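Below are two complexes that have subunit A in common, paired first with subunit B and then with subunit C.
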Partner chain A sequence: MNDLLALYRAQFRTTIAEQLQYRGGLAIWTIGLVLEPVIYLAVWSTVARSQGGAVAGFGAADFAAYFLVALVVNQATFTWIMWEMEYWIRQGHLSPLLLRPVHPIHRQIAVNLTFKLLTLTVVVPAALILGVVFRPNFAGIEPWTALAFIPALVLAIALRFAIEWTLALAAFWITRVTAVNQLYYVAFLFLSGQAVPLLLLPGPVKAAAEWLPFYRTLGFPVELLLGRLSPQDAAVGIVAQVGWLAVMVVLLNAVWARGIRQYSAVGA
Partner chain B sequence: MRTLRLLWVHLRLGALNELQYRGNLVAQMLQSLISLAASLLGLGIVFSKTDALGGWGPYELLAILGVYFLVGGISQLVVQPSLSRFMEDIRLGAFDFTLTKPVDAQMLASIKQIEVWKLVDVAIGAGVLGVALAGLGEGVGPARAAAFGLTLLAGVAIVYSFLLLLATCAFWFVRVDNILVIFQSMYEAGRWPIGIYPPWLRLSLTFLVPIGFAITVPASGLVGRLSGDTLALAVALGVALPLVARWFWRRGLRRYSGASA
Partner chain C sequence: MLDLRAADVNSASIARFTLGRTMDDIRRPVICVRDLHKAYSVPEREAGLAASLRSLWRRQTREVTAVERISFDVAPGEIVGFLGPNGAGKTTTLKMLAGLLHPTSGEVDVLGFTPWRREPAYLRQMTLVMGQRNQLVWDIPVADSYELNRVIYAIPDDQYRRTLDELADLLELDPLLTKPVRNLSLGERMKCELAGALLHRPRVLFLDEPTLGLDVTAQRRIRAFIADYATRHDATVLLTSHYMADVEALAERVIVIHHGALRFDGPLDGLIERFSPFKTLTLDFEGAPGDLGRFGEVIEAADGHAVVRVRKADAAAATARLLAELPVIDLSVADPPVDEVIDRVFSDEAAGAADEAIEVAS
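Up next is the complex of A and B:
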């Protein structure tokens, strides 16, 4: 356990040093991160205005609150492992990682968390500025929703990490995973509540989205914090998060075990 | 004439080179179709809740989507890969070889690298535009077609000049390979009419990064909501910006001392 902590600390230091070398890249990345929710916000605010101020109970200020919180939650939960894993496997960079006495996933978790902490320094000011510009309606936030938001967010981070790590392992069998990644990205966009609150999806799609795990990693914590869910729904949601997480961890281990056997270590 | 012939030679070489990797065609088609599907899904959800977005009807937004694919395809077909290559060449010193060729260096640097499969995006853009036109019906006469053609030409010239301006910075700050990514990530905003964005963003998308001129303006020309002022401004910029970019390029070129020499 102590060894693992030391590993995380070391990875933390290296990642910070590494990222500070590429400040320009970080700035460009921030533009994309902030622009995306602003686009959805603009689209849906326009729709709300054209429908006499609100659509499905969402006014412009409600959309602003939704997409601002979604920006922060997405920043906390996103991973880039699906792109990185392909590179590791295709180029053989996975080999040295396998030689180390710890599972490569630890390294990835440490890098991911460090990057999040680092980018928080740009994302929080960006969110605050957008908050001033768009005047979100945060009236629904109550002490209990703020409190319940914390475990929901932590679970969302873990769940999305497990899902995307598992999907990333497709690279063991497929050499060019761009199409797979893109399909996942589109599915996630609509089923997680990233591009549009679930409430606005057509009935059957909405029902499906509620059963699938994507919503639990993004839309659910957002709606929970904003007070759009009843306490029962919140409890059910957290149970669903735990359940999906358990399923994904089992799946992850099974796929990893098979994939590692498949791995032929190109370039090693 | 010579420019066209050179472009053709590079296009053919690029095609021959890529034909070795036919799997890439399938990959590109898959990628473009998924992107198209995502856009259509988004439009579908929006129009299930409203009849018009900022005054734009479904077929009019489809026209925007068509221009989005068309201009994006053209830019990714030759402009962006060539300019990325140019910046890489500056960094590695290989740009010396471009300079020794008996053709204009700016032109050669702008057409050097061709990603043939991006023609898929151009084709998708044309197809979507066709569907939009069919849906818009009678209204599109020669006047609108001319406005569309003119503004599309101006839009492509503006995008090219803008990207060239960015790339030319490589003469001063050798490592700027990420700079074109800014354009790509902001280009996403062009899927929707820029009129729906708040003023500060609309202005940045018009004058800072000229996505409005590249997408919304030509689409407006096609659906007949283009004012004479905007048309004049687009054409003026389409003429002026290439000249500015040319001037900036020459200044940069004078600074270049050859990295490897």
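Up next is the complex of A and C:
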């Protein structure tokens, strides 16, 4: 355990040193991250205004609140492992990692957390500025929602990481995983609440989305914080997060074991 | 015609290795390989649009044997050179020994472990260096990458300091440690890779082409270093190389594989005589080459430049005659690349020599 902590600390230092070499690239990356929800926000605000102020109870200020929190949650939960894993496997970079006495996932977790901390320095000021511009309605936030938001966010980070890590392992079997990634991103965009709050989805789609894990990684913590959920719904959501996380961790381990077998059978 | 039979090689080399030690020192082999076999199934289709459409619903695959039932032992402290032409199965074997590849069948025991289980206790005691695969972090100074390795391998501080000092001293790394890896030359990077792969003081080293692409000075330095490390730490080394000189300088024993099968396992002296009975003379001169056939086998001849192959025994005489009879500007005598030599030997074999003459006594 101590060794693992030391590893995370060392990886943290290394990643900071590495990322700071490319401050320009980092800044552009982060700007892209910030711009995406701003586009949804602009679109939905316009729709709301053209429909006489609100869409299904969402006014322009509600959309602003939703997408600003979604910006922060998305920043905390997104990963790039699906692209990186393909590169690792194709280029053989996975091989040296496999020969270290530590599971490669630790490196990835450490790098991911470090990257998040670094980009936070841009995302938080950006969210504040956007807050001034779009004047969001944060009236629904209460002490209990703020408190419950913390475990919900941590679980969302872990759950999305486990989902995307597992999907990334498709690269062991499929040569071009870009198509798979693209499919996942489209599904995620609509079913997680990233492009549309779940409330605005047609009934059956909304019901399906609530049962799928994607919503638990993004839309759920956002709605929870903004006070759009009852305490019961919040509790159910957190239980669902824990359940999905358990399922994904089991799945991840199983797929990893098979994938590594495949990798080392055909030529690492 | 080619009798490469090396009787009872393994026990012979172990006996040589243990010479001068007490009988108690005879330890069991560090590496034990039995009937190791690796076959890949590769997709195959003919060229052309029709064939590629057909392959959409019916995938043709073909079994390719990369390594064919090879067996050998390596004693503690031995340095063994692994030779064979490109595609012979050297790297595949090395990867199986290191634990990256699952074999199709057969057994391997390294330090008491089955490599492909990749138990941390095994990984802490071995290293695999594959030239172009960089383990070092590209954008940060070498020393920082090493620091990361220290943590990954949980190397105690004082041992780490001592090892790093020793490696930095042997490889003259000091001026390089503060530079980002991307600013290093190929030779510098290879030195740093090698040192990084040895910080945890592995007892078994698998080196795949450790000197590939390096200039002669750098090659020599790496060679000297590997030999030195092996003696200091009583490490067992298995290395592949294209350069006969690498193997000559380091290994007393060589294992030759060709088309995946083990063809020779024995002392180097016997191998060089048999596999490399020629020298290559490369000359630059003024004017036309004329008839060079009287000096040896002409490989290449153009105005001003020629390459001639002569028997080793005739090399000195041929050189003297060439110098006397041609307006030579420059002349060099070299062993042909080991790949070429071995390939030649095996194509000779295909042309009629009895296969079993090359079979290894096992």
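As a convention for this text, the second predicted complex is superposed on the first by the 263 of 268 C-alpha atoms of A that agree within 3 Å, B and C clash if a C-alpha of one lies under 4 Å from a C-alpha of the other, contacts with A are read in each partner's own complex, and residues count from 1 in each chain.
By our rule, a residue touches a chain if its C-beta (ideal position, glycine included) is under 8 Å from a C-beta of that chain, and two chains touch if they have at least 3 such contacts.
On a predicted model such as this, the values are computed, not experimentally measured, just so you know.
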item	value
First, second, both or neither for A:Gly203, with subunit B first and subunit C second	neither
Touching partner for A:Gly52 - first (subunit B), second (subunit C), both, neither	neither
First (subunit B), second (subunit C), both or neither touched by A:Pro143	neither
Contacts of A:Arg176 with subunit B and subunit C, given as first, second, both or neither	first
Contacts of A:Pro96 with subunit B and subunit C, given as first, second, both or neither	second
Which superposed partner A:Ala195 touches (first subunit B, second subunit C, both, neither)	first
Which superposed partner A:Gly32 touches (first subunit B, second subunit C, both, neither)	first
Subunit A - residues contacting subunit C, complex	3, 6-7, 9-11, 13-14, 17-18, 21-22, 92-93, 95-96, 98-102, 261, 264-268
Subunit B contact footprint on subunit A (complex, rising order)	24-25, 28, 31-32, 35-36, 38-39, 42-43, 45-47, 50-51, 55-56, 133-134, 176, 178-179, 182-183, 186, 189-190, 195-196, 200-202
Contact set on subunit C toward subunit A in their complex	40, 92, 95, 98-102, 116, 118, 120-121, 123-124, 127-128, 130, 133-135, 137, 139-140, 144-145, 147-148, 150-154, 180
Residues of subunit B that touch subunit A when the two form their complex	23, 27, 30-31, 34-35, 37-38, 41-42, 45-46, 48-54, 176, 178-179, 181-182, 185-186, 188-189, 191-192, 196-198, 200-201
